[in-house]
Amino acid sequence: MISIRQLGKSFQSGAGKKAVRYQVLKDVDLSINKGEFFILLGPSGCGKSTLLNLIAGFEKQTEGELLVGGEAVDRPGKERAMVFQHPDASLFPWLNVRENIEFGLRMQGMRKGERKAISDRYIELAGLTGHERKFPRELSGGMKQRVQIARVLANEPDILLMDEPLGALDAFTRRVMQEELVRIWSETKKTIIFVTHDIQEAVLLGGRIGIMSIGPDSRVFEIMDNRLEYPRDLTSREFNLIQKKLQGIFQDDLYFHL
Amino acid sequence: MRYVRKGLQMGIVSWLLFLILWQIFAMNSNQDYFPTPVQTFRGAVELIADNSLVTYVFISFKRVLLGWLLGSLLGIPAGLLIGRFKWLRQLVEPYLNFFRFIPALAFITLFILWFGIGEQSKVILIMYATLFIVILNTAAGVVNVEDDKIRSARSLGASERQILIHVIIPAVVPAFFNGVRLAMGNSFMAIVGAEMIAANEGVGYLIWTSRLYSKTDWIFVGLLLLGLMGFTGDQLLRWLGKTSLKRYGIAKETRFGR
Amino acid sequence: GCGDAKAENKEASGAPALQKVRVGGDSAIFSLQFRVAKEQGIFEKNGIDAEISTFSFGIDTLNAVLTDRVDVGEAMDYAALSAISKGDLKVLSLFNSPKATSSKLFARDGISKPEDLVGKKLGVQKGTVNEYIWGKYFETFHIDPKAVTLVPLQSTAEILAAYDRGDIQAAWFGTAFFDKAEKIKGSVALNDQSAINIRTKGFLVAKGSLIKDHPEISAELNKSLAEASQYIIDHPEEAAELAFKELKIPKENALNEIKNQWEFDVRFKQEDYDQLKEIKEWSIANGYIEQDFNLDDKLALDGLKEAFPDKVDIK
Amino acid sequence: MRYVRKGLQMGIVSWLLFLILWQIFAMNSNQDYFPTPVQTFRGAVELIADNSLVTYVFISFKRVLLGWLLGSLLGIPAGLLIGRFKWLRQLVEPYLNFFRFIPALAFITLFILWFGIGEQSKVILIMYATLFIVILNTAAGVVNVEDDKIRSARSLGASERQILIHVIIPAVVPAFFNGVRLAMGNSFMAIVGAEMIAANEGVGYLIWTSRLYSKTDWIFVGLLLLGLMGFTGDQLLRWLGKTSLKRYGIAKETRFGR
Amino acid sequence: MISIRQLGKSFQSGAGKKAVRYQVLKDVDLSINKGEFFILLGPSGCGKSTLLNLIAGFEKQTEGELLVGGEAVDRPGKERAMVFQHPDASLFPWLNVRENIEFGLRMQGMRKGERKAISDRYIELAGLTGHERKFPRELSGGMKQRVQIARVLANEPDILLMDEPLGALDAFTRRVMQEELVRIWSETKKTIIFVTHDIQEAVLLGGRIGIMSIGPDSRVFEIMDNRLEYPRDLTSREFNLIQKKLQGIFQDDLYFHL
């Protein structure tokens, strides 16, 4: 489904004499199959969002090849939906919570009644009941993020690109959303690429976990398989084993010298 | 309530101060050329007495309104298209940044030739004066719509047409509202020029003939009328914006001021 | 204002005490004598250090005199009267006037006699003598001014454009526009100004206080203008060249006007006085001048008399 | 490089198209009123021959530049203060929204009266025409500075004066840059008026006197010169903004266009 | 130091007939002593940010009393520094990473050399070495947050208000920042009010932990003392005991019916 070969991305900062190039990604090799729940794990600033942006077609790689469904990605497509790390720029401030969540459905010409049924479900799921008529500027940080997630989930795209979507949520809300995500994924077998910096979350959700090295010149240096059955038990031995293993990688001094 | 009252007081204070300053200033100048508020008021009474004042205001306002409306109605879609399509922008931009510096005033002869001496040429002159500023503001607004909004709309399945209607247009509302308000200022600049063309009536005509006959008090009446008409129009527009376009963030645009 | 202060400085420092005079001229051939007098050193020869500012119309120069921005201005009789009614202005002489044939009334759409104008739209330049000419024309041909529509337009270019389109059916044109007006389909020349038996006249007008304080200036100015007139008549080519250089009047237009349109002659005769009086009466009657005044108070012809005794004949 | 070249090509295409359209249009009109490009060019040559064209452009440009500069220099601090202090805003705003509708053109007679017929009144007229738009844009910019920025600056120990200098001013740069660009358009509107009434040089005068003699080719030369001067000034300003004010986000403002 | 009595805060949403009031906080009672490390814990949308904004003086309570140092809070003060939940609006986009961090020091007139020494330390601490010259728009989500924290810490205010500052950081960076925070606090005995939704973090950092109920009408319904010695051992029995107790509260069904 998604095939990445020798991918590189660098940014130029400043202009003229003072210009500096930052090589963020280098030699990234990765392929993700249809229907996978893939986790991208890595420290802050390593290039997770950048890689997601490339897959989404929002930015253009500077080196290498990036294919989705066999075709080179050169622009965003409606089969790939993104949940952005910061919801502020992506929510529509002129629509209230419900209207934001129904946006995609409305674009597809779904009728009002049907739309309402679906949005009702996701509003409840995201714990936004009672806030349906608030506008984005009237929401708390976590609520905005929940609106964004609900909006994308309600739309059921083929590929879901999620950039630390649950980072701003409290443990309880987070657990609910995680469960829902797993449920939707198992039922519909969408492809999900999920960025996180939380190891527990990675183990809880992911089929495979791609671990990125610290930037610059970041790459996916190891991919860990995680065949645990869903729903996963946080307290099980296997779960903790995988979690420990992952923690080990990040605590290893070697990691910082990759 | 308290704010309303206070604001009102402030407004009254401003105008009282203005009248006092004017009176002092005028009393220290040659009053043939700088009439006092009282003399101006008497001039206005003369004009009211023969009914021309009200007629003039009405006629000028109609012309301004019509020209400004046409300019806006033409400028907004043009600005949308120009902002949306890069090739069109590149093609048209040199013209825009060229013609916007050729003032309506310089076109008077040609406009008479093309559109005659009737209402048409006056309205078109005003339209010309508003057009560019509306186009530029709208187009700049379109170009500055946050990428994330367009991206998420696209990945939620919106077609290009839907993106235009449901994302770009709402997001650009504040920009074109601003453009339309600025353009109103230009309309008033143009009406004075337009009513030099073959006009028998109107506030611009009043100023123009009073100039020829050195009737300074009438010139002042004309100036005040222009200011008042503009002020009223602007307040009306703002009120409209505040009430009916609230969800598009107009409130912020009109925050400067009461 | 600041202009005065400057003038005094110059006066004090200059050894051959040239009199500093601020002159306002319009942007047509009407003001050509000023330009020639300045360029040919005629002003200087007569003891005047002239500083010329350009305005759109004669009336603007008089407004500038009224507001003390210049000392001397020029205007056709009608505009001159409306200005001198308002302040301390003095008429120094008649210095330049268009010939009777220099302005023709053109009409189109089958209009062949003055009476046909009834119910038609006519172009007028407000505030200029053009307004008076129309008034006089209606009087002469017994046309009720209320039976026609006067369309005010700013300059002849607009009048021509409107006439060409047929938005107005008649208007007065100067020599520079005869060709263009004739070319228009169905356009005929109805009359020239001789039909209404008036000739517009251009007057030299100065600030009253200037003449009071420096009576010699009037003679100096009039001498200069008379000399400049002679120069223009003798050297039309050079004068036209100057008009182009200073005013951007197309050279061929300038030459044409110098030869055919204007009579450069400095004088003040009884007939000139009578005409001023008549226009004054007419303006008051028609409400263009609000306050009646004594015309004699507004004349300061001593300077002209001193320079050219034979050019002044007035009771 | 490729972009530069392409942009250039596009520019040239635009202008060629313009010339062709003009030629066709002119050939189908009465050329007494609408000269062809060639006739206009010949008219320009006449004027170049006696050196007046260059002098006129120089003189008008000087006036515009001076007036515009003064207007901006006055308008920016005024706008900053008005935006910053609510009481001042309430006091002054009625005037602003009143006088901005009284066009410079209507003031010509009075300005001649007050400031004489020399350069002064022309420059002041242009200043007047630029002042309001600069004040309004700057003040609106100040009002719209994000609260969080001012709040964090204050809690980082910045005094009110420091907040003005180190936060408000940098944050407002794009807004006043925009104001200053728009104001330049207004300057050109005012120069035509200013040079019409009392001037014997300058592009505005050229247009006026050509009208007296119906020299349409010269009128066109004047119109084109205005456009060109404006275009050049604008490009210069944009270039300045892009290079020296880059860090304040001007790039975004100038993104509309090349 | 901080004393809150019967505090309430409600927002009005919409206008006119459609207006709805949301009572976010109600009857909040809380006092925080000088030098305390106080944690506010609660689910997303309960009103944590709102309470912090009130203490900071950014918003005004609708009911009750809020004193800081014995005085009613009516505006932001420089003794109270805020780390905002979203760094985008609070960073200065025209300053690069180093300049942003040095802002407060510069405002206090510290010289360049001294400033550099301090900022160097915090840049390293926040893991931003090598990114000093990047501008905010060139940073990853987590990096922006780190800049914001570094900026506030470098400035050493009396009261630190921190709104989920570490939420966007990976485990490793987070741990480093937590340790640094504890170190600074123990050395300087600043008052810190720290909002989080992470129970482990709450136990790791806090001297007292205030638990907020689910909104609307949210209040601090329980305050838990945490007398563990710093630095705290995540694996110790006492630590886990407190953590469990807290988890118990949130998992209790009763919590949802408070």
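When the chains are written out, they are named A, B, C, D and E in that same order, and each has its own residue count from 1.
Here, a residue touches a chain if its C-beta (ideal position, glycine included) is under 8 Å from a C-beta of that chain, and two chains touch if they have at least 3 such contacts.
Note that this is a predicted model, so its numbers are computed, not measured.
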Chain hops separating chain C from chain B, counting only touching neighbours
1
What chains do chain A and chain D have as common neighbours?
B, E
Top chain pair, ranked by number of contacting C-beta pairs:
B-D
Centre-to-centre distance between chain E and chain B (centres being mean Cα positions), rounded to whole Å:
47
What is the distance in Å between the mean C-alpha positions of chain C and chain D?
37
So chain B residues touching two or more other chains come to 33, 109-110, 113
Residues of chain A engaged with two or more neighbouring chains
135
The positions of chain C in contact with two or more other chains are 63, 67, 155, 157-158, 161, 164
Each pair of chains that touches, named by its two labels:
A-B, A-E, B-C, B-D, C-D, D-E
Residue ranges of chain A touching chain B (in the complex, touch as defined):
56, 58, 76-78, 80-82, 84, 89-90, 92-95, 103-104, 106-108, 135, 151-152, 155, 157
Under the touch definition given earlier, write down the residues of chain C that touch chain D in their complex.
1-3, 24, 27-28, 52-56, 60, 63-64, 67, 69-70, 155-158, 160-161, 164, 176-177, 180, 244-250, 253
Residues of chain D touching chain B in the complex:
7, 10-11, 13-15, 17-18, 30, 33-34, 83, 87, 89-95, 97-110, 113-114, 132-133, 136, 139-140, 143-144, 182, 184-186, 188-189, 192-193, 204, 207, 211, 216, 219, 222-223, 226-231, 233-235, 252-253, 255-258
Which of the residues in chain C end up touching chain B in this complex?
59, 63, 66-67, 82-83, 86-87, 126-127, 151-155, 157-158, 161-162, 164-165, 167-168, 288
For a test of understanding, state which residues of chain D touch chain C in their complex under the given definition.
30, 32-33, 47, 50, 52, 109, 112-113, 116-117, 196-200, 205-206, 208-215, 218
